[in-house]
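Contents: one structure, followed by commentary.
Per-chain residue numbering starts at 1, and chain names A, B and C are given in the order in which the chains are listed.
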Amino acid sequence: MTEPALAVDGVTKSFGGLIASKDISLDLRPGEIHALIGPNGAGKSTLIAQIAGGLRPDTGRIWLEGRDVTGLPTAERARLGMGRTFQISSLAMEFTVLQNAVLGALGQRGRVFRFWRPVMRESDLLSRAEAALEQVGLAEFRAVRTGDLSHGQRRQLEVAVALTLEPHVFLMDEPMAGLGAEASRQLMGFLDRLRDRAPILLVEHDMDAVFALADRISVLVYGEIIATGTADEIRADPRVRSVYLGAESTP
Amino acid sequence: MSLILLAEQTLNGLQFGMMLFLMAAGLTLIFGVMGLINLAHGSLYMVGAFIAAATAAFTGSFLLALIASLAAAALAGVLIEMTIIRRLYERDHLDQVLATFALILIFSEGTRWVFGSFPLYLDIPDALSGTVTLPFGVEYSLYRLVLIGVGLVIALGLFLLIGKTRLGIRIRAGENDREMIGALGVDISRLYTLVFALGAALAGLAGALIGAIQSVQVGMGEPVLILAFVVIVIGGIGSIKGALVGALLVGLTDTLGRFLLPKAFALVLDPSQATAIGSALASMAIYILMAGVLILRPRGLFGGAAS
Amino acid sequence: MTRETALNIVLMAVLLAVPLAAWSLDEPFVITLATRAAILAIAGVGLNVALGLGGLVSFGHAVFFGLGGYAMGILAHHAQTYTPLMTAPFTIDGTTSMPVIWLVAIGVSVLAALAIGALSLRTTGVYFIMITLAFAQMVYYFAISWPAYGGEDGLSVYVRNGFPGLNTMDPIQYFSLCYGVLALVLLGVSRLARSPFGLMLQAARQDPERVEAIGQTPYRLYLTAFVISGAITGLSGALFADLNRFVSPTMLSWHMSGEIMIFVILGGVGRVFGPVAGAALFILLEHLLGGLSAYWHVYLGAMLLGVVLFARGGLYGLLAGREVAHD
């Protein structure tokens, strides 16, 4: 078996008396989409924060391409190839769409402490930014102020910025949230192809999307992973059915 | 001999700390509940002092002067809260700093316009003047001792108010979750006005009490305001307990620093140099204290949630 | 050309034309007012790097302004009294050369900004505002209680320092020098705003989490911005002290910090040329209202309140409309 691109190994995190992550282990293999689902309050955001670097687990390790990144800050993990999209759009709202994409390319390239030459004239950054916008279908909105974008367009821009990082692993926190049916279908098609470039750990509420896209699915309930498997295995799992069919109306 | 001086300076430090607490308690409450930085808090202190001095000059009664200062500062507080301050709760800190800085300019020049540029004086009432002899033969000003007592009583009162009363429960709810108290059916804007008026009254009272041992003049509130900010930053913004501990720390550090540092340097340097270096360092001591606290605890000694 | 660019050009042209006209009419006082405006504008442009681009609400920028002023005062004082600044372990003499004084002012400000910034940037929000204020107060009280350079009374120098090829005592020549420095600083800051660093810094202001997610550390960006900001404000302090041939702790006071902030706000936060408009307006008001009434701060306060409550973009917001993202 090939080495996983990303591995979470026995991660536990508690806040006071509340256990938010309980001995969680999961991995992300090259070329796959691994979906993480679970009812609200199951601890998905806490887990994502520990993988991305905002929170430090109490015990357990995070491995990125065979390297222990548990003690590294968020920025360092990003430079090592972790490309993240946020649940609530985290973009520079006063910038144009293109500036946000250039920002991502600049962050990935480094050499940030340059004070004289205009950044928007740097052709290597511009071409990467424009290519990323093209891929998510935002090319024609390049000059629009990000704050003026629709909710769905911001989600697309989130993905585009992640693309400019040329990551080895994608960490996507509900990229479809709030998208219309058409936009959702487009993004699904895009993610479907994206997995060949880098595997995706996908936190998503849209169950149709999850079951259509994911190679494997992990179900998180009360901070614990109760099942991991293919879409069919998860559908058939009695524990998932009891937890999930009770909690959500449309599996 | 020197020990008696030291005891006297320690009491001075406590007295100074207690007056800082009156200022800091209001600031920290207003920040904790409404999320507002109020630079104009020092102006309310000044208003209290001026009204007290004017009332005492007019009626000859210190007690009336204190009541008038409390009422005037609370009224000024309610007035600016309802006209200006409440527009700032949802704004960022920069807007709050600038708008309340503007209020300082208006208050200071307004006071100068009404009372003139010359300082006013407020006399210590006869019943509280003179000194008392404490244990170990320490002679100490009765009035300053009373100030320490007043500070303690108000601190106790505030802890009871916050801990035991309905208003206190609402204030604590407001600190934790602003939407929550709306959901509880509390009239938020009245609560905010009330908290602001309470803070203003405390500042006005501090101004009046201090007015009897300092000259009453325009600009008197600003050094105190900045010290009160140092206090709440050290104590942790939003915490009354932090304000009390911070105020006493700052009061003692400042007073004892000015007393002890020149003496300490005199042991190794010649007297004129020792005085120069000692007093220069002493004037910086509380800021060094604050920097030290923030290096160890960026949110202050008792700070937690608020940012 | 955007309206903002047009406004920039008009503003700089007026700031040049007024003292030139005053010169031809032999009104040196007006030239001095314009020189004040130009110098205070530099201080504001400096603060704007931290405040406007980086979102760092520094309430203690007077510390750099004052340090720049004291760099001038101390060096010139030693040079004019023919006493060395220090003798051990090696001798340093004072100087009356402006370029050297400027370098020292910038150097001292950079060191101070590194120290203050490194500590203050561990905190955010109100704590940051208050700790920058407190550091400035610390230096202010030190200047007051340290007797060697005049303490509370400040320090006068007899003659304005020299600049090669200029007679700096001639008002119009000193104005031209300050105007030139302002123009260079504006050029530098507008390049900085569009540079890779500027883009990343402005992103860190809007969303530090985003900056981390693309592999950069906000703290380093903020600290660099704070240091650049302090250096520019320090330079303006040296120019200001030379204009008055006097430096005192007032330059370090928190009122000064507030005033520098007012220049930025009146002009429009984050607009590179905003502080020029703000400082010019401030000087104009001070002159006009100060002549009408001794209590002009009431009007200044009311106006500041009006801008904060109702016209948040400042002059640039009113005249040039919403900020246009520059490609």
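In this text, a residue touches a chain if its C-beta (ideal position, glycine included) is under 8 Å from a C-beta of that chain, and two chains touch if they have at least 3 such contacts.
This is a predicted model, so every value here is computed, not measured.
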Third chains touching both chain C and chain A: none
Maximum centroid distance from chain B, chain identifier (CA atoms): A
Centrality ranking, top chain (CA atoms only): C
Chain centre separation (chain A, chain C; CA means) in Å: 44
Rounded Å distance, chain B centre to chain C centre (Cα mean): 31
Centre-to-centre distance between chain B and chain A (centres being mean Cα positions), rounded to whole Å: 49
Sites on chain C touched by chain A in the complex: 188, 191-192, 194-200, 202-203, 206-207, 209-217, 221, 224, 323, 325-327
Complex contacts: residues of chain B adjacent to chain C: 31, 37, 84, 87, 91, 93-95, 97-99, 101-106, 108-110, 112-113, 222, 226, 229-230, 232-233, 237, 276, 279-280, 282-284, 287-288, 290-291, 294-295, 298-300, 307
Touching residues on chain C, where the partner in the complex is chain B: 51, 57, 59, 119, 122-127, 129-131, 133-135, 137-138, 141-142, 144-148, 254, 258, 261-262, 265, 269, 295-298, 300-302, 304-305, 308-309, 312
Interface residues, chain A side, partner chain C - complex: 52-54, 73-76, 78-79, 84, 86, 90-96, 98-99, 102-104, 106-108, 110-120, 122, 143, 145, 161, 165
